[in-house]
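Input: structures, listed below.
The following pair of complexes shares a single chain, subunit A, combined with subunit B in the former and subunit C in the latter.
Then we have the complex of A and B:
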């Protein structure tokens, strides 16, 4: 079972992964976006780590709700409300249980991803974070490792896609051939689950 | 800039604006938000002007969207009759939607209005200043999509 400490480790591991990969995220974003994805997420997840340390929420749902709120208020770019909504809605779906199973997390994360789709008006194949999140939700019932691999594969599979949402969509066909920064950071978030479980 | 603008200032003006719909203008750029607010107020003409607040850029002056500035602006123009929030694009749209969908950061009666930013702001401020309710302010701002220019 996964308790609040697991969810705090998940957020901390995501923050470390974002730190490690910030330059790469920004490079990907300079190809088809406005070159701020790495710095924005770094600022956001650093703030998440700090607020979780200060307030030490004691249920999985409360950890994710607080993390999501923090991302919305600190990121300053579109990834703030998108990741913030993902975590808040996932947290809301987990309710106030002290411990949840991996299967329950998969269901909740599915609700979170659906909220992201609704917020941004995107669907699978639009070259967005959903292209990593949706396959990860599917695979999470199996294992954390499978979810991580599915998210990675989903992010890689955005390379040949044409962007249909966000700033990258203004580039039309020129967005083809680049990996989507949002799908790439989503794969970091999902990959951090396995780290938190170890 | 925030609060009601017009000539009188101070307490008397705040009382005149009681019951009027507030308007919040959210842009990636603080200059754009402030300038559009000034333009809309200027075109609203004399007399009582609805409370208008700009929420532009990030708190450190950069380009982007700040949920804190948006929440402050909405609170500043909330006179109990609702708040029409107009946005430019991208993260401004998503941030306001996310704030409205979850959480309690925005006042009750705050609404994202689907409208072109400049034309919609003028329509919203003029209509709100005339004492229209939030539905009418929203309709006027959205109708601005229909103004053909050629």
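Then we have the complex of A and C:
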């Protein structure tokens, strides 16, 4: 079973992964966006780590809801509301249970991803964070490792796609051949989940 | 770059703005710029915001006859909902607040969240999206046309209506009409440099230009070998006129992207007037300068707004802001 400490580890591991990969995210974003994805997520997850330390929420749902609110208040851009909504809605779906199972997390994360799809008006294949998240949700029912691998594969599979949402969509066909920065950071988030479970 | 460190660029600029403009309240920590004399009983407050790096947009347009408040985000990153909620509360007199939002995914999402939160706090909010950039096809397969130069027209004209005491639904309707009557086209002669990246955000070799560029350096329609001012004016004006067939005299904004000297912008304006005359489009008013910029990008944009008598009167109404001032 997964408790609040596990979810705090997940968020801390995400912050470290974003720190480590910030330059790469920004490089991917400068190819088809506006070169700020790394810096924005770094600012957001640094703030998440700080607020979780200060307020120490004691249920899995409360950890994710607080993390999501903090992202919305600190990141800006599209990624703030989108990642913030993902974590908030996942946290809300987990309710106030003290411990949850991996299967329950998979269901809740599916609700979070659905909320992201609704907010951004995107579907699978639009070259967005959903292309990493949706396969990861699917695979999380099986194992954490499968989810990590599915997210990684999903991010890579955005390379040949044409962007239909967000700033990359302005490029039309010129967005083909580049890996989507949002899908890449989503793979980091799921990779950190796998790390927290290890 | 003339900075200390990338992380404090926006805060540093806000402190400088506070020092230069005592008529504004600049909340550096919460990133809100408000008219010191707001709110005004019975008057609608206009609030806008967006990523930094487009100065003087939006903070430079806060003042009498234009914005009541502005919310600057990080460089090229939309502000967060907390900023807009704070701004709305600061300028609401009970007559409501109009959010002016440029059509970018991030701005739209954050302002939408702010609308919900501000309404929860009892502020009546209306929202208008600015989407004037003809370089982007408005279709289901893109995020839609981008908001660029017409933002200035919307903020000036709707701001004048608010200053006159028009009710919220009227100010909103005027803002929508200005946006619907405006189209823009931009050209980049060089890429821009974000402080976070420290280098050009896209690769534009010397001797080439990007036609249809966005105000974040987003690539546009096509890249070509360098053209003359005359050729660029022909291309830009015709791109705008493909999408807008003015039946009355237009407002013209010849806007610099940040690094193009006024000497060149005025020369370009002469070419824009020439081609507009050739296309039999009369110009009612012209504004030339760096107003909706893209950091240190070289280049320009052309915005036309088909202006009826009311819009023209509101355009001419007094305005007193750091970047736009006339009639008072």
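Criterion: the second predicted complex is superposed on the first by the 198 of 198 C-alpha atoms of A that agree within 3 Å, B and C clash if a C-alpha of one lies under 4 Å from a C-alpha of the other, contacts with A are read in each partner's own complex, and residues count from 1 in each chain.
Methods note: a contact is a pair of C-beta atoms (placed from the backbone, for glycine too) under 8 Å apart; a residue touches a chain by one contact, two chains touch by 3 or more.
Because the structure is predicted, anything quoted here is derived from the model rather than measured.
*Asks:* Just from the overlay, do subunit B and subunit C fit on subunit A, or is there a clash?
*Replies:* These partners clash in the superposed model.
*Asks:* Subunit B or subunit C: which reaches more residues on subunit A?
*Replies:* With both complexes superposed on chain A, more residues of subunit A are touched by C.
*Asks:* Quick check on the superposed pair: does A:176 touch subunit B, subunit C, both, or neither? Answer first, second, both or neither.
*Replies:* neither
*Asks:* Identify the partner contact of A:197: answer first if only subunit B is touched, second if only subunit C is, both if each is, neither if none is.
*Replies:* After superposition on chain A, A:197 lies in contact with neither partner.
*Asks:* So, does A:156 touch the first partner subunit B, the second partner subunit C, both, or neither?
*Replies:* Neither: A:156 stays clear of subunit B and subunit C.
*Asks:* Give one of first, second, both or neither to describe whether A:164 is in contact with subunit B, with subunit C, with both, or with none.
*Replies:* Touch partner of A:164: subunit C, not subunit B.
*Asks:* Once the structures are superposed on A, label A:80 by its partner contacts, choosing first (subunit B), second (subunit C), both or neither.
*Replies:* Touch status of A:80: both partners.
*Asks:* Applying the touch criterion given at the start, work out whether A:120 contacts subunit B, subunit C, both or neither, answering first, second, both or neither.
*Replies:* Both: A:120 reaches subunit B and subunit C.
*Asks:* Could you tell me if A:39 is touching subunit B, subunit C, both of them or neither one (first, second, both, neither)?
*Replies:* So A:39 only meets subunit C here.
*Asks:* Quick one: is A:72 in contact with subunit B, with subunit C, with both, or with neither? Answer first, second, both or neither.
*Replies:* both
*Asks:* Can you give me the overlap between the subunit B contact set and the subunit C contact set on subunit A?
*Replies:* Correct list for subunit A: 36, 72-73, 76-78, 80-82, 119-120, 166-167.
*Asks:* Which residues of subunit C touch subunit A once you look at their complex with the stated criterion?
*Replies:* 6, 51, 73-82, 104-106, 109-110, 112-113, 136-137, 141-143, 146, 194, 196-197, 201-202, 214, 216-220
*Asks:* So in the complex, the part of subunit A that touches subunit B is made up of which residues?
*Replies:* Per the touch definition, subunit A meets subunit B at residues 36, 68-69, 72-73, 76-78, 80-82, 84-85, 88-89, 92, 115, 119-120, 166-167.
*Asks:* For a test of understanding, state which residues of subunit A touch subunit C in their complex under the given definition.
*Replies:* For this pair, the touching residues of subunit A are 26, 30, 34-36, 38-40, 43, 72-82, 119-120, 164-167, 169-172, 174.
*Asks:* For subunit B, which residues count as touching subunit A in their complex?
*Replies:* 58, 62, 64-68, 90-91, 94-95, 97-99, 101-103
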